[in-house]
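Labels for the chains are A, B and C, by order of writing; each one numbers its residues from 1.
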Amino acid sequence: MKIVVCIKQVPDTTEIKIDPVAGTLIRTGVPSIMNPDDKGGLEFALQLKDNYNAQVTVITMGPPQADAVLREAFAMGVDRAILLTDRVFAGADTLATSNALAAALKNIDYDIIITGRQAIDGDTAQVGPQIAEHLGLPQISYVTDLKFDGEKNFTVKKETEDGYQLLSVDAPCLFTVLASANKARYMSVAGIIDAFDKEVEVWSADTFPVDKSKLGLNGSPTRVKKSFTKGTKAAGQMYEVDSEQAVEIIINKLKEKFII
Amino acid sequence: MDFSINKKEELFLQMIRSFAENEVKPLAAEIDDQECFPIETVEKMKKIGLFGIPIPKEYGGQGGTNQMYSMAVEELSRVCATTGVIVSAHTSLGMSPILENGTEEQKQYYLPKMASGEWLGAFGLTEPNAGTDAAMQQTTAVLDGDEWVLNGNKIFITNAGYAHVYVVFAMTDKSLGTKGISAFIVEKDTPGFTFGKKELKMGIRGSATRELIFENCRIPKANLLGKEGKGFAIAMKTLDGGRIGIASQALGIAQGALDETIKYTKERKQFGRALAAFQNTQFQIANLETRVQAARLLVRSASYKKDSGLPYSADAAMCKLFAAETAMEVTTKAVQFHGGYGYTREYPVERMMRDAKITEIYEGTSEVQRMVIAGKLFK
Amino acid sequence: MDKLASKNVFVFIEQRNGEIQSVALELLGKAHELAQKLNQKVVAMFPGYQISDKCQTLIAYGADEVICMDCPQLKDYLTEQYAQAVYQVINKFNPAIVLMGASTIGRDLGPRLSARLATGLTADCTSLEISEDGHLMMTRPAFGGNLMATIMCTEHRPQMSTVRPGVMQKASKDDSRKGEIINFTPQFDESKFKVKLLETIKNEKTKIDITEAKILVSGGRGVGNEEGFRKLEHLAQVLHAQVSSSRSMVDAGVMEHDKQVGQTGKTVRPDVYFACGISGAIQHLAGMEESEFIIAINKDKFAPIFQVADMGIVGDVHKIIPLLTERLTKEMSNK
C-alpha cells in the first residue's frame, strides 16, 4: 500500500503573544513546528507502515525552510519526502493551495491520502476536502481511528459534536485526522542521524503539469482585505492575597451577583 | 573548535527535550519517592534508540556522536537525574569498554543487543576496599580449563539487577599489582553470580544500586575482555569516557535547577514584588547561568575531543569536576531561593540537590579528578 | 458561476435525525440581515429525509424560500450525497451568498463544495457584513485567534462562508411569517457513493453541552491532571456548574474535546467563567472572553488571562479551589 501524507510547517501559535502596547503580533522567536493534526495523520500512516509494510510519502508546500518538517518526518520513519516550493505558490488561499497539492499528487502513486484536519495557523479545515474533490476521492474528515482490513477497506471513526460515527470506505480515499487521534511517535535517534543524508525532492510549479492561473495569489478566489488584532478589554481588579482571603473575595462577588 | 549546534543536533535536541518533558519529567518525583527503577521509561527509551547513540551502526547502534550522547544525558538529567544515569552507566560503562576493547566476536555478540536496550550494561570495579584506590582489587579470576572462575564482591553498581551484561574487573595475578588486573564480561543468570541488597541512597533513588557477588562463578574463557593484565588500563580509559557522561548528568541537573529557580523567582512575591525583580536575585542567577554555560562548554569540548579521536582524559576530568561542583552550587542556591518550599518535596529542587551530590562522588570523586588533572601537569 | 446574475442569501440547513440544528437558525437570522441590505431573499437549502413538515419552522426563523430536498439518500449526512444535492441547488439557483454552520458537517461539506464550484470559502467566521459595493465581508480569527482577518471573495460566486455555532443571534420565531416552499429532487450519481455509514454513537457523557452552562469552572495546565480536575468537579457540583478545559488539557488527554473552550473548541458565554490555572493563550481567550464575568485564578501574576478577567486572583488553584468548595458547601447548607 502507498500512502501520501500532506503536512504543513506552522508557527507554534501557542507561543505567539500580542504586544500589549502596539497591539501587534510578536512573531520573533516563535518556533516552527509540524502541524499537530498532520502529525496525527502521519502517525496513522506510520502505523500502517509498521503493520502492513505501507510505503509512506510526505509532501509539504511552503518556503525552502519547510525542509525542516520533512527531515522530522524522515526521522519519524517516512520513505520519501517532497517539498513543493515556488514563488508561484505564494499567497495562496485554501483553494489555490489545494489546486497545487492536488496537481502534484496526480504525479505520485497512492492508495490513500492523509491530511491533518486543520492547521493551527489558519484553522480552516478546508485543504483536505478540497484535495479530495479535485482528485475525485471520497473523504472522511475528523478521523480519530482507522482500522484497515489488510486488503483495501477501512473502518473509520469520525468525531462529531456529540459522539462519533463509524464509517466504511475502500481505498482510494482521503482522510483528515485529528491530533488527539493518537500519540504520535518520537523521532528515533537513528532516524535523526539519517534524516539529513536522505534526499528531499524539491518540486517547483514546472516539475509537474498544472494550470498556473489556479495557483498562488492569482489563483485565489478569496483575498484578505484587512487584518487587525482584537482590542482587549480593560483588566479587572487583581488580588494578591492568601487563599483564605481570596476565597472570601470570590464568595462576596458571587453573592453580589446573586449566583449564590 | 566549533560548538555551534548543527541541524542534526538541533533536531535531536528537539526530540530529546520533548521526550524528557513529556515522558520523563512526570515520573521524576514518583520514582525518587518510591525508589523504583523506571522500567516503563526504559522501554520508551529503547523504542527511540537512546541506548546506543554513539555505537556504530555495524554493531546495531545509532551511529551518532558522543556529543549527541552527552546532550541526551544532559536533557534527561535536566528533568530526572535517575533516568540520565541509567543511560550513562549503560552507554559509557557497559558498552564502551566492549566497543573499545572487545574482540570482533564479542562486539558482534553483545553490542547489538545492548545498543537496542534489550540488554542493559553495567560496570563492576568498586569494592569495599577498592574505591578511589581502585588498584586494591580483591576479586579474583582463575583460569580453570576453558573457564574463568570468579570470586569476590563489587559494590555500588549502577543498573545492577536490571542489567544483563556486566564488565567486571578481577585480579588474575595478584603479584603484578595493577598489571595483574583483567576485565571480564559476565552475563546475568550465570551460576555463582548473584546480587546483594539494594542500597538506600540520598539521591538518584530510582537508579538500581546493588552489590555484585561472585561465588565460584564460572564464565567462558572467551569472556576475557582485552588482554590478560590490561584490566586496569581498560577501567581507567572507560572511566575517562564515563566522566563525560556524568559531567553531562551534572550539567543537566544544574540546568534543571536553574530553570526551576528562574520560574519560581518570577512567580514568588515577597515584600510586594516578584523575587526576580530584586537585583540580588538577578545577579546571583546571572552568576549561576555563567557557571552552567562554562560547564557546558567544558563538556562539549571533551565530547568533541573524544569524537575527534584526540586525547581527552584531562578534559573529561575537568568537565566532570567543574560540572559536578556547578550542579552542587546551583542546586544548593536553588533550594535557598525557594526558601521553605525548596526544602519540601513540593518543588523539585530538593530532589535535584540530593541528586547533584553523587556527581561529585561516582566515576571518580572530585579529588580523583584533581589527581588526573594535576597528573597531566606534573608528569 | 455567473456573478452578475447571482442573487439571494442561501443558508445550508443542518439537521441531525431530522432535528434542525441551532446554528442553522442562527444563520437564518444573520442571512435575513444581509439579505435586507442587498434587497434580496433568504433561501434555506434543506436536505434530509421525512423533513417536509419542518419547512415552516425555517420560514418562522427568517427564510423567504425553503428548497426542500426530502429523499432517503439524504437521511444521514454523508459528504458525497450532500455535496451532489447542494451542488445541484446552487448550480440551478445561482446564489450570491452561501452560509453554513462551522460544525463537523459544515466544515466537511463546505470545502468539498467550494472546490466543486471553484469558488472561495471562508471558514469559521465571527462576523459577516455587506460592503458598500455589495460584497460579503467575512471576518474570522487567524493565527490561533491572535489576529482577525476580513476576507472577501469579489470575483467568484457564490461567496461562501462557514460560521461558528453560537456566534450569531437567532431571530425571534414568527409563526405568522409567510414563505415559499420549493420541493427539489436531486439527481444522484450513486456510483460515487463510496462511504458507508455503519453506526452513529452518541457519547453519554457529552449530553452536557458546555455552551449551555450558566457557570463554567474551566481548568488549564495549572490544574495539571485528572486529580486536579476532580477538585474542579467538586466545586462545579456545589455551584451546579459544568467543568470545561483549555486546549492543553485536551491535547494531554486529561479532558475530552467536547469540553474544550477556545479557538479549536467551543465558544462559551456563561454568566460566570472560572479560569483555573489557565494562562490565557490567545486561542483560549477567543472562546470565552465574551463571558459575563470572568474570575481568573493563576499563580503567574503576568498570565495574559488577567487581562480579560473581571476579577484576578494571584494564587494556587490547588489550594483555593478546595477551600472555596468547602466554604460554599457551608454557605449553601446554611440557607
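Heads up, the rule we're going with is that a contact is a pair of C-beta atoms (placed from the backbone, for glycine too) under 8 Å apart; a residue touches a chain by one contact, two chains touch by 3 or more.
As the structure is a prediction and not an experimental result, all values here were calculated from the model.
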By raw count of C-beta pairs in contact, what's the busiest chain pair here?
A-C
Chain centre (avg CA) closest to assembly CA average -> A
Hey, how far is the Cα centre of subunit A from the one of subunit C, in Å?
21
Whole-Å gap separating subunit B and subunit C, where each centre is the average of the chain's CA atoms
54
Geometric centre distance via CA averages, subunit B-subunit A, whole Å:
40
Two or more other chains in contact with one residue: find those residues in subunit A.
240
Give me the residues of subunit C that touch two or more other chains.
301, 314
What positions in subunit B touch 2 or more of the other chains?
269
Taking the complex as given, what residues does subunit C use to touch subunit B?
299-302, 314
Of all residues in subunit B, those that touch subunit A in their complex:
7-8, 11-12, 14-15, 18-19, 47-50, 52-53, 57, 62-64, 68, 72, 269
Can you check the complex and tell me which residues of subunit A touch subunit B?
68, 71-72, 75, 185-193, 195-196, 240
Per the contact definition, I'd like the list of subunit B residues that touch subunit C in the complex.
266-267, 269, 274
Of all residues in subunit A, which touch subunit C in the complex?
11, 13-14, 16-18, 20, 25, 36, 93-95, 98, 118, 120-130, 132-134, 138-142, 155, 158-170, 173, 178-180, 220-230, 232-233, 235-244, 246-247, 249-251, 253-254, 257, 259-260
